[in-house]
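Below is one structure. I have some questions about it.
For reference, chains read A, B, C and D in written order, and residue numbers begin at 1 within each chain.
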Amino acid sequence: MADSQATVVETDVQNPELRHHFADMEQQKNAASLGMWLFLVTEIMFFGGMFCAYLVYRTSHFAALAAGSQTLDIKWGAINTAVLIVSSVTVVLAINAIQFGRQKLTVAYLVITVLLGFVFLGIKSIEYTNKFEEHHVPGPGFHFTGTFDDNGKQIPVAENEVQLFFSLYFAMTGMHALHMIIGIGIMSTLAVMTWKGRFSQGYYTPIENAGLYWHLVDIIWIYLFPLLYLISRHT
Amino acid sequence: MAKEHVVSVGTYLLIGATLLALTIATTLIAFVNLGPFNAAVALTIATFKALLVILFFMHVKYTHEKMTRAVIVSGFFFLAILLALSMSDYMTRAWR
Amino acid sequence: MASAAIPANSIPVAKTNYLTNGFSLKSWLLTTDHKRIAVLYLISVTLFFFLGGFFAMLIRLELLTPQGDLMQADTYNKVFTMHGMIMVFFFLIPVVPATLGNFLVPLMIGAKDLAFPRINLLSWYLYVIAGGLFLHCMLVGGVDTGWTFYTPFSTAASNTHVIEAGLAVFIAGFSSIFTGLNFIVTVHRMRAPGLTWDRLPLFIWANYATSLIMILGTPVVAITIVLVAVERLFHLGIFDPRLGGDPLLFQHLFWFYSHPAVYIMILPSMGVISELITCFSRKRIFGYKFIALSSVAIAVLGFLVWAHHMFVAGISLYAAMIFSFLTFFIGVPSAIKVFNWTATLYRGAISYTTPMLYAFGFIGLFTIGGLTGLFLATLGIDVHVTDTYFVVAHFHYVMVGGVLMGFLGGMHFWWPKISGRLYPEGWARLSALLVFVGFNLTFFPQFILGYIGMPRRYWQYPGEFQVLNVLSTAGASVLAVGYLLPMIYFLWSLRYGPIASANPWNAAGLEWQTTSPPPTFNFDETPVVTWEAYNYEEIDAHPQEVPVGR
Amino acid sequence: MAWQVDALYIYLVLVAAVMTLLIFTAVAIFAVKYRVRPGQKAHQIEGSIVLEIGWSIIPFGVMLTFFVWGAVLFFKERTPPASATEVYVVAKQWMWKIEHMEGQREINELHVPTGQNIKLIMTSQDVIHSFYVPAFRLKQDVLPGRYTTLWFKATQPGTYHLFCAEYCGTSHSGMIGNIVVMEPQQYAQWLSGGPSAPLPEAGKELFSSLGCATCHRFDVQGRGPNLTNVFNKPVLLEDGRTVIADENYVRESILSPTAKIVSGFKPVMPTFQGLVTDEQLNALVAYVKSLAQQPSGAAGAQNQSTASPTGQPKNMQVQ
């Protein structure tokens, strides 16, 4: 066992990032990448449960869900979508920068990403606050007087069923926001690590994998935005 | 190891701009009455955006790993099973 | 960094193995060695097994008489709930993959460790945290929803510690996800040179298929339990019928995972059986490709059948028919396995060692468990027997008869490799016999109980069901002895058992080509595989050439 | 119905027994015959495609017979005949409340006559329960928020177990009762002892006291659809779909009126969620149903509205 690293390709022996049980950096990187993608699949299935609930209730309680959806502020939803897209761009730019070994630039992009993440959460909290003020938070204090505006036709909806929409809204966006918070934590850590010189042209797998995670959270929002805000606007 | 495909900054910016444009488009289209097609259009645009992110930002377009693609496809495949077979119950409850 | 493991590099192989590589508590609790983690899992899983078994005994004692006289109804409800949750989430799901799988997957594919050793350790810590949380939940009053958490009972009616139990299951779920993720990546990326997919041991195939389910299914039950928790905490009523929500939606999401989860439990045991039968009939396996692919087929098909748990729950008639039809497809790969194992015995050279006795037991009990599964898939019958003791008997035949037979068989088979010692064969055969007899005596009467109409989860029952219940309780006490014995003699053998050679069974497989117990990094040099799995013909032709590290 | 389930069950037991014996004897014979002997080596066999295909397809064929027979039986179990005496069941922790059309109410007991199709229309006030009569080999979960149905025809007078089969809390095992099957004459006697008003009568009173009649009119077209002869007929919805106006549809239309708007009407009806109890809903449903069973359909329900002719429409051999 003493010679466990003797079989390793010479150029990689010096790389301090090579774990003992991998033959070379390529095997290690491929393993990490596959592992990350598998993890993303678990995330898809995790949100999939809620998407399934959404689909079921949109077919069975259409008017109530639509009425709830129409009270959301489309402006904030759209701005937040844009914020996330820009943050995804800064993530790929960070990876591009580290691929050229420009660590300072990488740090800068990661910091911007984190800041955009906070902007997203800030906007989300504005929306949540509005919901609280409007008594649109499910529970004993819930109150909803609106109707479903079906191209001008005002369709009354049952108050309790509109709670279904807001339950879905808070569950889905809340779980998404939780993922954003985790993402911000990861990105901040990576920014610090990059600042300390842990990553270089030769080794930046953690940044790459964190980027994959960030993009997936972005993709989930890309679906949440139309499902929750858009598709009931006009039917 | 160093065979990593480096995507140019220009490509990233172009894709980012496309995504932003699509966001504006889908938001505006939501106010146009297309009947049941509102949902279809919005979800098609969302899927297109997601594809752009997966292919370019997540580098799936450039990877030589068949496994990555297989993993993504199987993820969505099993999600589809969850949705489709659940709906097979809900859609047929009113029959008879 | 794998700093804890690195010092081992400098120690000569012959004098040290993974067990002697450090004796401090820290060297165990911070280990990233898959073998040590497997041992940690083995200890914790065994503790939970006996805790779950304790609850099982309480259930059997209560059901000795028709009146509820041993405990209160509420207590009984908590007892069967905690029996179920402990056995399902803290024993059956991790038992084979996290112990034998953890120990053997890298060894069998000639790798130094799993792909992500620290995530592997994290899995165990998540398991321990989840287990601790569950124990705490139990001590402060327990939970009474049944292991299935059905809404709206769990969200609106139960006033026990549902959220804490749910959180424990949620965390245990992530432990399982990380194990599965680790296995998949390891099998894909870390196989020894020459070890192609069609040369993999079937135990690896089985664990690979299991891991697919862990990755794809577990997140769905995780979010479902989160939704139950937020419904209790914040009134986000996704499943609340008072808001127009559909309580069956919970069942759909729950069974989307929990049906495939039974394959998480049984598949690795099936993998064990393939190893045992080949070794003790000295034969290559009959129909290698079919057994290998049937594992994957079971994993995939397992996701298409979940609503057969809901035939009487109020799903549509047509959906019930679709799911019933799809369920019969699962019968095919399961049957393929049983037939191929039987065919492997044909013209073999069979020895009746303890692991082989367990393999025979597995085939017997799994056959009965599987065939009664067909009863439950048959719509007209399911209406009558679902939610009765027929179901209880069926899933115990598969889960206890199948999984535990496989686990114990595997434990006896690989115990020399894990501990470096041999177990006492006579006692072991006795315990195998006790388990088999006790098991059948416990659970066979329950099939009859179910058909004559005794519903499950009953604290008291009409007197006419008593005779069969007494039989069942009597069987359970035999079974308990059968399970206690191995624990005693395994512990005994750690100190007094004869020293095991590298390959005491003269078995095929890379795990036997290193010392017993293996060194920390498993192999002196990365093996190169040039042979098919189960090449017993070659091994028996040249017995002296095989063991490398003896 | 019970003997049909038993017949299928016996078929399954036989097939399973044959399979089990086959595998057990094969394992036993191989284990003995090919036990290890000195100097004798195992005979290596690769496998056999023919065998693999054979033992995949043949069992699958057999399983298909299970499926078809089981599905046909299930279809019968789940399709109540048109002429059935209806009984409403409300489950709650931990009792069964039974409401007969004629007005009789029972708790944890259900009296039925022999030879008559009985259709149970069931709902739950709290959690999920399950109505299980082992003697009839029948079971159906009872859900909060909607109706599920179960039907049977008892042949033998006697008292049979009624169990709750879905775990529902503390007294789950105490949520048991009796199905009392009586000869028709005795049953008629038992019925006549009942004091209260028929269920559709009660529904009719509610219908006017809740103000339903202001919109759902029988003389002229009101703001809501005329409910005469609506029940169990297809209804064209505003969005183009067609649904059958069954118990669940009527129930849903009271609780969430906008979910399925009848074509040509405006979604103006308020919800009655929280304003009516499950028992009142049952009465309203029974009333709407009674409107479809008389020629004029104007106001008023028949007492024996659902006690259909004892002579079966056809000699259905279902039971």
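Observations on the model:
Convention: a contact is a pair of C-beta atoms (placed from the backbone, for glycine too) under 8 Å apart; a residue touches a chain by one contact, two chains touch by 3 or more.
No experiment lies behind these values; they were computed from the predicted model shown.
Interface comparison, A-D versus C-D: the higher number of contacting C-beta pairs is recorded for C-D.
A centroid comparison over C-alpha atoms places D as the chain most distant from subunit B. Separating the centre of subunit A from that of subunit D, both taken as means of CA atoms, is a distance of 45 Å.
With centres defined as mean CA coordinates, subunit D is found 37 Å away from subunit C. Averaged C-alpha coordinates give centres for subunit A and subunit B that are 14 Å from one another. Distance between chain centres (mean CA atoms), subunit A to subunit C: 34 Å.
Annotation for subunit B: residues 67, 74-75, 78, 82, 86, 90, 96 touch two or more other chains.
With touch defined as above, residues shared between interfaces to two or more other chains in subunit A number as follows: 30, 34, 38, 41, 44-45, 48-49, 52, 56, 60-61, 64, 158, 160-161. Counting partner chains per residue, subunit C shows two or more touched chains at residues 188, 216, 220, 242, 244-246, 248-249, 252-253, 256, 317. Across the interface of their complex, subunit C is touched by residues 1-5, 7, 19-23, 27, 30-31, 34-35, 38-39, 41-50, 52-53, 56-57, 60-61, 64, 138-140, 158, 160-161, 163-164, 166-168, 170-171, 174-175 of subunit A.
Chain contact summary for the complex, subunit D toward subunit A: residues 255-259, 266-271, 273-274.
The residues of subunit A lying in touch with subunit B in their complex are 12, 24-26, 29-30, 33-34, 37-38, 40-41, 44-45, 48-49, 51-52, 55-56, 59-60, 74, 78, 81-82, 85-86, 88-89, 91-93, 96, 99-100, 151, 202, 211-212, 215-216, 218-219, 222-223, 225-227, 229-231, 233-235. Chain contact summary for the complex, subunit C toward subunit B: residues 188, 216, 220, 248-249, 252-253, 256, 303-304, 306-307, 315-319, 322-323. Those residues of subunit A whose C-beta lies close enough to touch subunit D in the complex are 60-64, 148, 153, 155-161.
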